[in-house]
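Quick one: structure below, then a few questions.
Chain naming follows the written order as A, B, C, D and E, and within any one chain the residues start at number 1.
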């Protein structure tokens, strides 16, 4: 039963993710003083991509890349408790499992993009992985205080512990929440840190050689990714008690990310990495110090 | 600054006098107008003049063009130089005959001439001795006669290449309209 | 006497291999029989606890030997890896002496495991480094003699420090056996511990002592590096255990700050070596630094000194033995075919060497510690342990180090297997059987231990339980610590399930054609067949600007400074011996006068 | 029981018979030295049983000590005598393989053996001076026999300083003779308490310098590097194995038996440390391998003297056994090194490191031999050197001189630095291949095998060294057995 | 199939081969004044991802080779939009030795927009026209390219040496 239950979940999350992407394009459009496509546009895009007849592949790994990417992000979704109930009932999601599974997605895409031997793709992957050097450590250091405060490494227990409004992680640890927001911007690959998929410089980065159904899979991967990444942040810092609050939370966080994305230009890769070791690192360290002092 | 009604062309006269003194009557120099001097030089004297002008102060090699005097059967190569300090343009022109006469390259005096000479070679078929890479420049896989030469019939080439039957008839139903000035094309 | 017999078997096979050197086939068979015999003998005959008295009674040093469970654990790793190394090395053209040295270095390593007293520990430790030095000296490559020289100097430095530590201990406790010294007064026991720890820090290449490692790993023969990095570095880990538990068991009580420093050194080594790793353009140097970085985690595990942090450290040591030797084996196979280590010259080999690709793929997944493989459980345990010790900065440093693992592992797999195939690699075949066999054999534990770590955690826990209070509940498949709970096979199953799901999506929709190599988006500009599309070298070149100066610091400068001082002294000493007979006579007379003057007082 | 006096008589007779034999036929002289050393060896071996507890007294012409010249042989001197004969025999076989123009070389060699065995066996001080003179003169000759500029210069320096040394040694003997009236060592040892303090001190200084030159202590060893480097390879082997060992014996005999380990010993202690450090540091920057080996043997001698002085300070039998182990290891190891170096460079006598590049790889057997020598000197596990080094460190630890231990380990590291440098250069790159005769290789193989076999199974050597050390230690036993109830 | 046609019509990803002077018309259509994104048309970076190819202006032989390569790299179904009179009959370069005269000789074109660089309104109008055609399933010019592939190749070979300038992978 839970397997069927999970597939429904995955479908729901993918659709919501696509809708989020539609909202994102709508919001950026309105910021740029134009109407922008309908909200359900990404769903249409994905359907069109899957409708394509002849697509081209550069080898087994190239075609398996998007498949692994989607597997990675879907399995991360599996281990992330959305709100208070988790898809896999007996296993209560653990921070490190989720963090390491988050990497499977980019790794899969990196392998696929690498196989295409297109320099744009490989440069993009080099940038994406080096950027990860920047935001991943900040995100980890930002979430550490909450886990340490509640003496557990399982996300599920953290949600339970947060309960009512004044106990939210963001209220207790505002500094690390801020650092986590910086990290989230990089993790989502949104504008200031859109270095990997920079369409103007390296022709949409890793997706250079992907067309048709591969691009469709990658779009699904991106959609689920939005929900998972924002969801992770919401779970840790807001601890939504039920699924509705969870999606509202993710939407608000996503909205903030989109606003920043619509307005900001793009960093160069070394600027981005060095930026991450500037203010966000400082904030994260302050967050940790706060735990030590406050405890 | 006007001097008794005639623009004072101190620099231009000075340069003119210098060229005449150094090259004597081998070379005809006349000031066309303010800031512009024309030098007609025979083929073998062009490079010395260019070298002289360069050290004289004409650092900028603006342009190298070629004019196809098909009636006289001559190509006229015009080297445009410009000096910032004197604000004067010098046009060194020389004549070589059309059929397979070659011209020594000016690269070692002005590197800028590199691409201009390639373009002229491709478009007019002029051979520049000592130029390292004359070959193909703008037109890929161009087999025919250099297109800019007067004796190249574009229309015939187009009809043959793009097998358009009667070029003029098909494209223009109306007969040619006389030009009645701007904004009057009706 | 069983242990003595084992060492005899290995020693004899070594000698036989040397004698039969020229006859390749015979030598290979003999050494194979010796290695397999040794492994089987070890697994079946040797039981923990039995004291196999070798008792060479030299003056008052009793050469006792004994077997602890830990030495069996490491013994199996060593012998297993040696077998894999041996099978792979038949493809390389190396002479009898090479095999003799490798057998003797194995002998030294096993001897260290069995040693009960410090002098025999030193004896076998020295044999091991001597013979591995000789092998590195025989290595290919023009800088192999420089790195061999560095290797012997560093291991001698470690060995002499160990010797000094031993003699200090014997001087204060009058016993050469590995007994506890925490009851000694004053901080002499601190000095003894540090001195005893140095050779192991050198062997596992912790930061200040790591200068020899990249050179030695790169320049020794490819297959031997598998054994050198996978096997011999485990002796360093074994040494940590001996030093921190048998020799100085009260360290957590007496010098907690030393443990914290040790943990931080491990963490810094892990992250810095990781950063150096992804800057390298030579496959083996990259792997050498990655090996140093992985061993950094083990040091952190020991530094944290809680029950399941040590379990994590030992588990990670096993993991490192598995996936590091897998990576080196694949690179050796690639070198066998393409005759180059330089990442710039390789590329697109996935089409030609699929098995090596799969081996490397799962190898790097394990190196970066992604769940279903062996790399994840140890890392997970380590994080839990550090958080329990509420040292948050240390855990972030370790996490940073594990991210660098992603970077250099992707660079490795990309530059070798993905990207465009070079013209000269058009017709190469898959790596020969020896390498293939090793890859397949190493892949099995990679997954089996990754999904149900219980198999290995049980013996390790049995070892560590004796010294530290156990607070890790585990069964075959999942582990629970005070902080969290993980069910490893669950992760594995869900990932395979989802892989099939997305694979079905992939199959349903439309066919896809295979495009030629040069049919690539290059802003529609035309490229021909041998247009270099491969972006191998300088993969993270831009990171140099991001890190800037810190990358340029190196311990090499400090080392050269003190070398200069010593050679300056040498100059002065040499000066004395210049000059001719007259000067020497003057020396004697002057000396005579001084002595008489000094002694004159007492006349 | 063949009286050991025959050893001296026989070598003397054979040495001077060489010119006669030379007259008979050119080829004969080279066979005399091996014959002589073989017979000596046989004589000494037969005498092992007879050396009982203390020393065995052999009188010449029936006169009792303290008047006549007599030999006092105890286990310690017997061990050294056998060592000298063994190495002498091996070297003489080595000489067989090389044709020599003048037969005088063999005479010098035999004289050298004579001097060495004489010093080791004599019980009489003046007699030891005489043998010391013979030894030094013959070794000047041997060193100078190299016939090129470096050899002559080395020989000259050796002679100058050797002469000074032996004259001071004679002065010391005279002082002792004046104060005790006798020349017999045991007798002097017996009368030692009665000598006034200042005289003892002054004579010990004189002896210190006299023997110091022979045993290469710090300020006195300036001649050593040039002599070793200048001499031909076989001669420097002889220098390092035989002559320096006799110096050690003499030092042991005089300072330990006669003086009972007082007076000059703490000067020797500090001198020995400085010798060891200065020699090792000097070797560090050496580009010429032969000179590097010379410095290293000077350093080893310093180490030996250090052990003797440590014994004098807080002696027990274990420290002396280490001294003997070190002596053996140095004799065999260094001998092997010099010989293999000679054939590695194909007797071209240019020993620069650059020219040696890859020589080990070109001729693997010699490479192996040289490597065994180096590894044994450094003290690597498989070889005999390991046991000598470990026992050295243990004996120093027993005398709980911890700082000295740390210092020694540091200097061992320096020593390893330059030795490893040589080995690494030897086995890298392309070297020239040299043809070497069967005999030299077999001699060197013998050396190497002894190092490895003793390295793996050191028990027999320990036992021999142990009872030799025991006999040296009991000073009173020595005196009473010699004087026999005087 | 109808769903795919509908989704294809509603989300056209455009690759803009900006040759000639047409490129100037694209920014106004993309940005806030005329906003083509509301029709689901976004500019894409590579041919692999896009389904609509805009040829905005005259094509010399040199650029034609690149256009053909880009066209063949696009996944099917793919559509081509010819801007301005230069693509129809060579425009003012009617007698130039370098410019090709008729675009559809070389690649099948769905819609032409005449005018010497049509204004954004005309472009938007063309897009809407293309949307209906796709929705009704009539816009299958790409099928023509595959069916009479040789004919197109013959035309192309007249203008440039197809053998040298073509992608050699099995189609």
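Following the convention adopted for this analysis, a residue touches a chain if its C-beta (ideal position, glycine included) is under 8 Å from a C-beta of that chain, and two chains touch if they have at least 3 such contacts.
In this text, all values refer to a predicted model and were calculated from it rather than measured experimentally.
A.B. asks: Show which chains lie in contact with chain A and also with chain D.
C.D. replies: C
A.B. asks: Steps needed, at minimum, to get from chain B to chain D via touching chains?
C.D. replies: Between chain B and chain D, the shortest chain-hopping route counts 3.
A.B. asks: Which number of steps is the smallest that gets you from chain D over to chain E via touching chains?
C.D. replies: Shortest path length, in steps: 2.
A.B. asks: When the mean CA coordinate of each chain is compared with the mean CA coordinate of the whole protein, which chain is closest?
C.D. replies: C
A.B. asks: Would you say A-E or C-D is joined by more C-beta pairs in contact?
C.D. replies: Greater number of contacting C-beta pairs: C-D.
A.B. asks: How many angstrom lie between the CA centroids of chain B and chain C, rounded to a whole number?
C.D. replies: Taking the average C-alpha coordinate of chain B and of chain C, the gap between them is 72 Å.
A.B. asks: How far is the middle of chain A from the middle of chain B, if each middle is the mean of its Cα atoms, in Å?
C.D. replies: 62
A.B. asks: CA centre of chain B versus CA centre of chain E: separation in Å?
C.D. replies: About 39 Å separates the centre of chain B from that of chain E.
A.B. asks: Approximately how many whole Å separate the CA-defined centres of chain A and chain C?
C.D. replies: 36
A.B. asks: Which chain E residues reach two or more other chains?
C.D. replies: Those would be 46, 48, 65, 73.
A.B. asks: Scan chain C for residues touching two or more other chains and write them down.
C.D. replies: 513-515, 519, 521, in rising order.
A.B. asks: Using the contact rule from the top, write out all pairs of chains that touch.
C.D. replies: Touching chain pairs, listed by label, come out as A-C, A-E, B-E, C-D, C-E.
A.B. asks: So in the complex, which bits of chain C are touching chain E?
C.D. replies: Going by the criterion above, the answer is residues 513-516, 518-519, 521, 524-526.
A.B. asks: Where on chain C does chain D make contact in their complex?
C.D. replies: Contact set of chain C toward chain D: 58-59, 61, 108, 119, 123-124, 126-127, 130, 137-138, 144-146, 148-149, 152-153, 156-157, 160-161, 163-164, 167-168, 170-171, 566-567, 569-574, 576-577, 579-581, 583-585, 587-588, 590-592, 595-596, 599, 602-603.
A.B. asks: Provide the residue numbers of chain A that touch chain C in the complex, in ascending order.
C.D. replies: Its residues touching chain C are 3, 7, 50-61, 63, 66-68, 70-71, 74-75, 78-79, 88, 90-92, 94-97, 100-101, 103-104, 107, 110-111, 114-120, 122-123, 125-127, 129-130, 132-133, 136-137, 140-141, 144-145, 147-148, 151-154, 203, 208-209, 212-214, 216-217, 269-270, 273-274, 284-285, 288, 291-292.
A.B. asks: Taking the complex as given, what residues does chain C use to touch chain A?
C.D. replies: Residues of chain C touching chain A: 347-348, 350-351, 357, 361, 365, 368-371, 376, 379-380, 383-384, 387, 390, 392-393, 395-396, 399-400, 403-404, 406-407, 410-411, 413-414, 418-420, 482-487, 490-491, 494-495, 497-499, 501-503, 505-506, 509-515, 517, 519-523, 533-535, 539-540, 542-543, 545-546.
A.B. asks: What residues of chain E sit close enough to touch chain B in their complex?
C.D. replies: 61-62, 65, 89-90, 94-98, 100-102, 158-161, 164
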